[in-house]
Every structure is written in C-alpha cells, then in structure tokens.
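Scrolling down, you'll hit the structures one after another.
Here subunit A shows up in two complexes: once beside subunit B, once beside subunit C.
== the complex of A and B ==
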C-alpha cells in the first residue's frame, strides 16, 4: 500500500486553477521532486499536503488516513522553507528543539535529540548561535534539522536551495539526499531546477499550468518524455519540423534532407510532424546507418567538457553538444559541416508543438 | 623596438589636500543638521546646565538640585511619571491592537491606509488646538457631553471631568496611540508568514506561536515604542497647560511657573527641573534606541 496517496487534488483561486487533478502515490522512503516553472502549481500542491492551503477538492491520504482536512499542526509533516524561516529569537538548539518542546518532551530528551541532529547536519558547535550569525547554507541545515526533529511522517522541501550560492547548493543537495536515505524519510522536494530534480530524486513529477505532465524516473523523464512540454522543459531539445514521406517505415524529410526514425509512426504521407532530438546525440561527420544533416556553424561555445555548436540548417537553428577531446578540430563560425545522429535518437513529438 | 615601462609606484592624480577635501564633501550635506542640533539642542542644554548651577546673583551653587527634594517638585515628577506611564501603556496597547487589526488581522487595505493617514495627523495634533478640541467635545458643555446628557447619561454628574487626571490622560491618548500605530505597524508587517507556518508545522497552536515566537520578536519594538510614548507624554506642556490652566502640577507646568515667575519665580530651580527632564528623556531615548536596534537585528534577517 502506498504511504502517501494524493487523489484528484484540486485548488482554485478565484477563476484560476492553480492545481488540477493532481494524482500521486509514494512509497515509504521515496524521494519525489515536483519540477516546473514559476506559477505551475508545484508550491500550491506542496502547501496543500502540508495543510497550509485547503484543497478545493481531492483527497490526501497519509499512511491510510485521510488528512485533507486535518490542521497543519496535527499532520505530523515536516517542512523546510526557501527562506529558512528559522525563529530569529531562538538560538540553533532552541530552533531544533522547538517542535519537541511543543510536544511536551522532557528537557533531557530534547537536548539529546538536538545533539544528535547537530551532528547529523555537521554543525555540532553551533547550538548556541543565533540564525543571524549563520550563513545561508548553515541556516538551511538547521531548518532541515528542525523539521527532522519531530520525526515527521513526510518531509516537504520548498525550493530549499534557491537562495544559496551555486557551490553551497551542490554540496547541500547531496547532504539532503544522504540524510533522507539514512533516515528512509518519505520526501517531496519542490524545485524549478531540473538538474536538482534529476540528481536527487527517485521520481520526478513535471508540472505545467497546474497539471501533471509526466511522472517518472529522471532517466525516463529525460529520455522518454511523454509530452512536448516535458521534452522541452527538461534538458536542451532540438525541435525539427518535418514532412512525413513514409510513416510506416519511419521516414520523413527535413526540408530536402531525408531522415529516418527507428520506429514507425502513424501519420499520412506529406503531412507535417515535429521530431525531437537531444543536442548530445549529434556527432560530427558521416557514419553509416545514421541520419545526416548539413548546415552552417553560427557559433561555438566552449563549456569545458562540452563544446556547444549552434548550427543553421535551412531556417532552423540546431544545438549540438560535442564531447571535448584534446585532438578535436573545432568547426569555425561560418563553416559548412555535416552532422549525424542514429535513427533511435529522435522521436516524434505529439501535436502540442505543431 | 620600443618597450613600455610598467610603473611600479602609484602616484596620486591630484594633490593630497584636494583628495582630503573630496572625502569631506559628503559631510557637507549633514552640516545643517549639526548646526541645528548645536543651536537648538546642545546650546540650550548647556545653558540649562550652567543655569542650574547658579543662584539669582550668578554665583555657583548646588542648591537648585537640593531643592528638587521639595514635596512640590517630587509630586510634580511623580504625577508626570504617572500620567506618562498610564498613557504610554494605554496608548501602546490600544495602538498595538489597532495596528494588529489592519496588518495581521486582515482588514481591507483601505482601512489600513485610512488608519495610517489618521495616525500621521493625530500623532502631531497636540498642544492648544488639541486641548480646545477636547473641551469642545468633552468639556462640561461639549458636544458629546451634551448628546450623552440628552440620552440620559450625564458624565459630569457621574464624576468625570476633563480637567482631571483621567481627562488629561484621555486627551494625551489622542496623540499617544497614533504614534504607537505608526511605529509598530512596520514591526508587525516584519513578522514573516513562514515563521507562523513553520511553528504550525512543528505542532504549535496559534497561541503557542504568539507566545514563543511572535511576541518575543515584537517585544523590543513594543517596549521601545512604549518608552518613546512615555517620553512623548513626559515632555508635553501646552496641552496640559491649555486644558488645566496651569493648575495641574506636572513638571513641565512647574518649570513654566518657575520661569514666568508670578509667585514661584526661581529660574535656577526651573533649570534644575529641566535638567531632570533631560536626564529622564536621555534614559528613555537610549532605552528606545537599544531596543529598536535589537528588534531590527531580528526583523531584517
């Protein structure tokens, strides 16, 4: 039985459908990220799970019990906020022990738990410090410890790393994942950063305009996007308008250049379609059995491990991410080159982009 | 082939006196403030200090300070402190509740704007106009008094008089609570929604959130503002004088009596009384500043 079940969750603000028909099932100890751009409804969904927003409709079931109408302070769900939300009048130890104090736990038990959590977040000496004396990363660690102190059934994290610098973000996200695994904590993580979602999660929920576009593992979301939005939102994507020449054989034409897909698709000959292609699937030169496109290099960007080419093919600009090699000759701007990619690398997008 | 030499020593581009002058330029903006403070704060305070240490013949004496121990003077200080403390507490509490209602209480936006505009005006509406406004409203034949009498409630028959401690306190409240509203509203708005949610999330009830988080965070601001209200009432003179005709023994009225000199003329004692007020004001403002600094440290982060 799933540990957390969300069925047909719906939230309306006036005429705006902030979240519509949100369905998700999570197992104990699973880490799921809600991924989407600003205003897609991911935070609203999280706030309904936490109990800060009353759903317009739907059910939230936690460990078999319907908690949809249970007040936030009785749900036993921990939450970490983007702005840390540490109580400024309390030191770190008091912040961490706050939930236990509210529960009426004895002082000795609170102290022991606080020590344990300070060690877990690697701030054993900061118990007496006040929030304003800590860096952003340290404050967020304390916020995490405070949420974990009450041993919640579910941990919610609302863009917890957004306010931090890039280096701290990468360090802390790994720490969050390590702690979550260690405690086997069922966790929902809201983010607009696809790299964060991909690197942390067991599964990712991609949201757009209040609805779920796709739920899947990071691998499936990236490599097998089910909707045009998911395909374009997660990672870089080349979108090629094509004319179908033989759908049954998986053949089409990009301007005058023939292309072949691995799988057949149902489309009438001479109809138009859109195919998608990840930039990292493209290679320089010719290769037997591959598709080929010829275009002009608009510019190249050196990104260290990758060299990103912007390539003009007819009226379409394509991106090609080439792995850096020391002996590589980088195409010059304005040079005409041929690139290739295997038939299995591209797929037909649904009609949303047409 | 010509080669460029790399300068190894930094040479200032202009003479040092110009550099120094340039650094002083920003200070020019605050010169009027310092001149003002010198002319109307430090100058008079020094004059008071010197005056309080002289007798009528201009000789050095400490008698003026010894005379502060007279029952009349002690009574004036006690009465001033009482009225200041009561109106600071009353105005502070009432102002806090009003500010709470228009910020966290969720009243419509226009109520907040209206209250803040009124507070801005009322907090500066003191002195003779305020006294006459209250006489016209709550005096023996004031508008409200007459209306109440028409519905069978004669407040003067029931012991109320505007020219008493209660009446004076009520009048002071008119400028006290708006000042509290003006100062405490930003502090209430500084309470983050996430603090309440984090507390709820950790199991706290609304009462527990206020007791453990919101009130401790607001306390420096509340206490600081009440100290300011205390100082505000302590220094008030014209309102009390216009309302009671100088018969009420407040420190400010007593100072006026010593300086004008109808019966009690003793400028030396007046200066010593004023120095006592300066001391109380200094303590109050220092307390306010320290508490406000503590509050800002919490609310800014």
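== the complex of A and C ==
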C-alpha cells in the first residue's frame, strides 16, 4: 500500500486552475521532487498537502487515512520554507525543540532530541545562538532540524535552497539527501531548479500550468520525455525542423542534409516534422553509421568539463556539448565543422515546440 | 554658510524646547522663600489625593492597555494573515478617534449608559469600565499603528505556517510566536496609551472620576509651586519609561533582525 496517496487533487483560485487533477502515490522513504517554473502549481500542491490551503477537490491519504480536511497543526507533516521562517525570538535549541514543547514532552527528552538533531545537522555548538547570528545555510539547517524534531510522517521542502549562494546550495542539498536516506523520511521537494530535482530525487514530477506533465525517475524524465514541455524544460534541447523523406524507415532531411532515425515517422512523406536531440549526444568529426551535420561555429564557451559550441546550420542554431580533453583542438568561431550523432539519439516530438 | 545656519536653528530649537523646562524646574524649587528646596515635591508626594488619583489613573491605564492589546493584536494579526483586503478599512476605523473630540465621545457615552438598559454609571466599576472603553478608543490610532508596523516587520504568514506545521494551535501561535516578536511594537503602543490615559482630563472630569488629570487641574487652580513640581515629576516618569523601552528593545533577542527572511 502506498504511504502517501494523492487522488484528483484540485485547487481553484477564482477562475484560475492552480492545480488540476494531481495524482501521486509515494511509498515510505521515497524522495519526490515537484519541478516546474514559477506559477506552475507546484507550491500550491505542496501547501495543500501541508494543510495550508484547502483543496477545491480531491483526496490526500496519509498512511491509509484521509487527511484532506485535517487542520495543518494536526497532520504531523514537517515543513521547511524558502525563507527559513525560524522564530527570531528563540535561540536555535528552542526553535528545534518548539514542536516537542507544544506536544508537552518532558524537558529532558526535548534536550536529548535537540542535542541529537544539532549533531545531525553538524551544528553541535550553536544551540544557544539566535537565528540572526547564523548564516543562511546554517539557518536552513536549523529549520530542517526543527521540522525533523517532531518526527513527521512526511517532510515537505518548499524551495529550501533558493535563497542560498551556489556553493552552499550544492553542499546542503547533498546533506538533505543524506539525512533523508538515513531517517528513511518520505519527502516532497519543490524546486524550479532541474539540476536540484535530478540530483536529489527518486522520482521527479514535472508540472506545467497546474497539470502534471510527467512523473518518472530523473533518468526517464531526461532521456524519455513524454511531452514537449518536459523535453524542453528539463535539460538543454536541440529542436530540428525536418522534412520526412521515408517515414517508415525513419528517414528525413534537415535543410538539404539527410538524417536517419531509429523510430518511424507517423507523419506522411514530404510533410514537416520536428525532432529533438540533446547537445551532449553530438561529437566532432565523422563516424560510420552516424548522422552528420555540417555547420558554422558561432561561438564556443569553455565550461571546464564541457565545451559548449553554438553551431549554425542554415537558419537553425544547435548546441553541442563536447567533453573536454587535454589534447583537443577547440573549433574557432566562424570555422565550418562536421558533427555526428547516432540514429538512436534523436526522437520525434509529438507536437510542435516553441 | 549653510552649516552655520544649521547651528543657529539647532540652538534656537534647544532654547525653545528646554527653556520652559528649565524655568519650570527653577520655579518648582522655589517653594520656600529665598532658597532652593524640594518643598513643593514633598507636599505633592505626601498629598493623599495625589496618591489616590495617580493610583486610579495607573489602574485604568493598565486595564486599557491589556484590553487594547487583547482586541487589537489578534484583529490586526488576522487581517495581515487572512484578510489583507480589510486592512484599509481597519486603518480608517483606527483613525476615526482623531476626528472625534473627547467631549463628543463622553456626552455620547453619558447619554447611552446613564439609563436602562445599560445603566452602568450607578456603580463605580461601571464608570471605570466605560472610562476604559473610552480610553481604548482614544488610544486606538496609536496602538493600531504600533501593532501594524510591528506585524509588517515580520513574515507573519510564514512564521504562522511554520508554527502550525509543528503542531501549534492558534492561541499558542499568538502567545509564543507573534506576541514575543512584536515586543518592541507592543511596548511602544502600551507606552503611548499609558501617556494618553495618565494625562487625560475631559472624559475623567465629565464622568466625575478623580483621576490624575482632574487632580492636576485642581492643583493648578489652587496652588502655585506644586503644579510645577508635578509637571517635572510627570516628565521624569515619561522619560524613564521611554528609557526603559529603549533598553528592553536593545536587549531583546533577535531584535536586530526582525524579519526571518533570506539574506
């Protein structure tokens, strides 16, 4: 039986459908991210699970019990906010112990738990500090410990790393994942950062305009996007307008350069179609059995492990991410080069992308 | 040139504000002919009428503060949290006492509460109750403004939700999270209310309660040096309360960062 079940969850603000027909099942200890741009309904969905918003329709079942109408303070769901939301009038230890104090636990038990959590978040000697004396990353660690102190059934994180600098963000996200695994905590994580969602989650829920576009493992979402939105939102994507030459054989033309795909076109011969290709599938030079394209280098960006080329083929700009090698000769701007990619690297987009 | 004129204005300002104060202090010390003494202060402090009227005023002021806080904090908090659209209406109501003279207020009160069904003036506690209500109205603009400013400075919604997710009920959220984070705002609101009630004359006089305001008026009519001494005493009390608020604000934990926001 799933630990958390969400069925046909729906939220309407006036005429706006903030969340429509949201369905998700999670097993205990799973880490799921809700990924989407701002206004896609991911935070609204999270707030309904937390109990801060009343759903217009649908059911949220936690451990077999319908909690859709249970007030937030009785749901036993932990929450971490983007703005940390530590109580400014309390020191770190009191912040962490707040939930336990409300439950009426004995002081000794609270102290022991606070001690344990401070060790877990690697701030063992900060118990007496006040929130304003801590850095952003430390404050968010304390907020995490505070949410975990009540041993919630589910932990919700609403863009917890958005307010932090890049380095802290990467460090803390790994820590969050480690702690989550250690405690086997069922966790929902809201983010607009695809890298964060990919690197943390067991499964990712891609949302757009209040609707779930796709649910799947990061690998599946990235490599087998089911909708045009997912394909374009997750990762970089080259979109090639082509003319079908032999649909059944998967053959087409990109301007006047022939391409062969592994899958067949549904579209008729001589009609137009759109195919997609990840930048990292492209290689320099010729290779037998691969597709080849010739184009002019517009510019190259050195990103360390990766060199990103911007290539112009007729009116279309393509991105190619090449792995850095020390002996490599980087194509110069304006140079005409040939790139190759295997037939299985491209897929046909079912509808037109913008 | 500009700089020189600035100094002239500053000095003029100091003279304007402090000269009357110095003169009053000087006068209040001259109760005995030919030498400076604290005679006037002694007389005032030993006057049983001073003690009874001042105690009554303090009691009424404290009741006004408590009831104002109980009424205003939850109301403004709720408006911030759930009903932002009613905030302009609340603001309008809160400023009404400014355009309503105390005389008008007190006559209205007398008309309504002197006969059945609300004949509250028959008893001292009834009159005190009405006074507290009237003072709550007079202090409303100041109290509202303080609480509103205090709530603007903290992230009310997120703090509330954080407390809710940790299992806190509404009374717990108000008492443990909202009130402590409004400490400075509540103190300044309370202080302003205190100052208004202590010095109030019109309502107390018309309702026939001998509080500090009517006592001071009586003293001014009958004595020379004692009113001056009393003015200086009120000054001292006011300034010490202000100092106390400053001190409490300064040492309040977390007060240097009121908003728990990202940085």
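What we mean here is this: the second predicted complex is superposed on the first by the 352 of 354 C-alpha atoms of A that agree within 3 Å, B and C clash if a C-alpha of one lies under 4 Å from a C-alpha of the other, contacts with A are read in each partner's own complex, and residues count from 1 in each chain.
In this text, contacts are C-beta pairs under 8 Å (C-beta built on N, C-alpha and C of every residue); 3 or more make two chains touch, one makes a residue touch a chain.
Note that this is a predicted model, so its numbers are computed, not measured.
K.L.:
Overlaying the two complexes on subunit A, which is it for subunit B and subunit C: clash or fit?
P.N.:
clash
K.L.:
Return first, second, both or neither, reflecting whether A:89 touches subunit B, subunit C, both chains, or no partner chain.
P.N.:
both
K.L.:
Which touches a greater number of subunit A residues, subunit B or subunit C?
P.N.:
In the superposed model, C touches more residues of subunit A.
K.L.:
Once the structures are superposed on A, label A:136 by its partner contacts, choosing first (subunit B), second (subunit C), both or neither.
P.N.:
A:136: touches subunit C, not subunit B.
K.L.:
Which of the two partners, first being subunit B and second being subunit C, lies in contact with A:81: first, second, both, or neither?
P.N.:
both
K.L.:
Should A:163 be classified as contacting the first partner (subunit B), the second (subunit C), both, or neither?
P.N.:
second
K.L.:
Which residues of subunit A are in contact with subunit B in one complex and with subunit C in the other?
P.N.:
50-52, 71-74, 76-79, 81, 83, 85-90, 98-99, 102-103, 131-132, 143, 146-147, 149-150
K.L.:
Over in the complex, which subunit A residues touch subunit C? Could you list them?
P.N.:
Listed in rising order, the residues of subunit A that touch subunit C are 50-52, 71-79, 81-91, 98-99, 102-103, 130-132, 136, 143, 146-147, 149-150, 152, 162-164.
K.L.:
For subunit A, which residues are in contact with subunit B within the complex?
P.N.:
50-52, 71-74, 76-79, 81, 83, 85-90, 98-99, 101-103, 131-132, 143, 146-147, 149-150
K.L.:
Given the complex with subunit A, which residues does subunit C contribute to the contact?
P.N.:
154-155, 158-159, 161-169, 172, 176-177, 180-181, 183, 252-263
K.L.:
Which positions of subunit B touch subunit A when the two form their complex?
P.N.:
So the residues of subunit B in touch with subunit A come to 192, 194-195, 197-205, 208, 212-213, 216-217, 297-299, 301.
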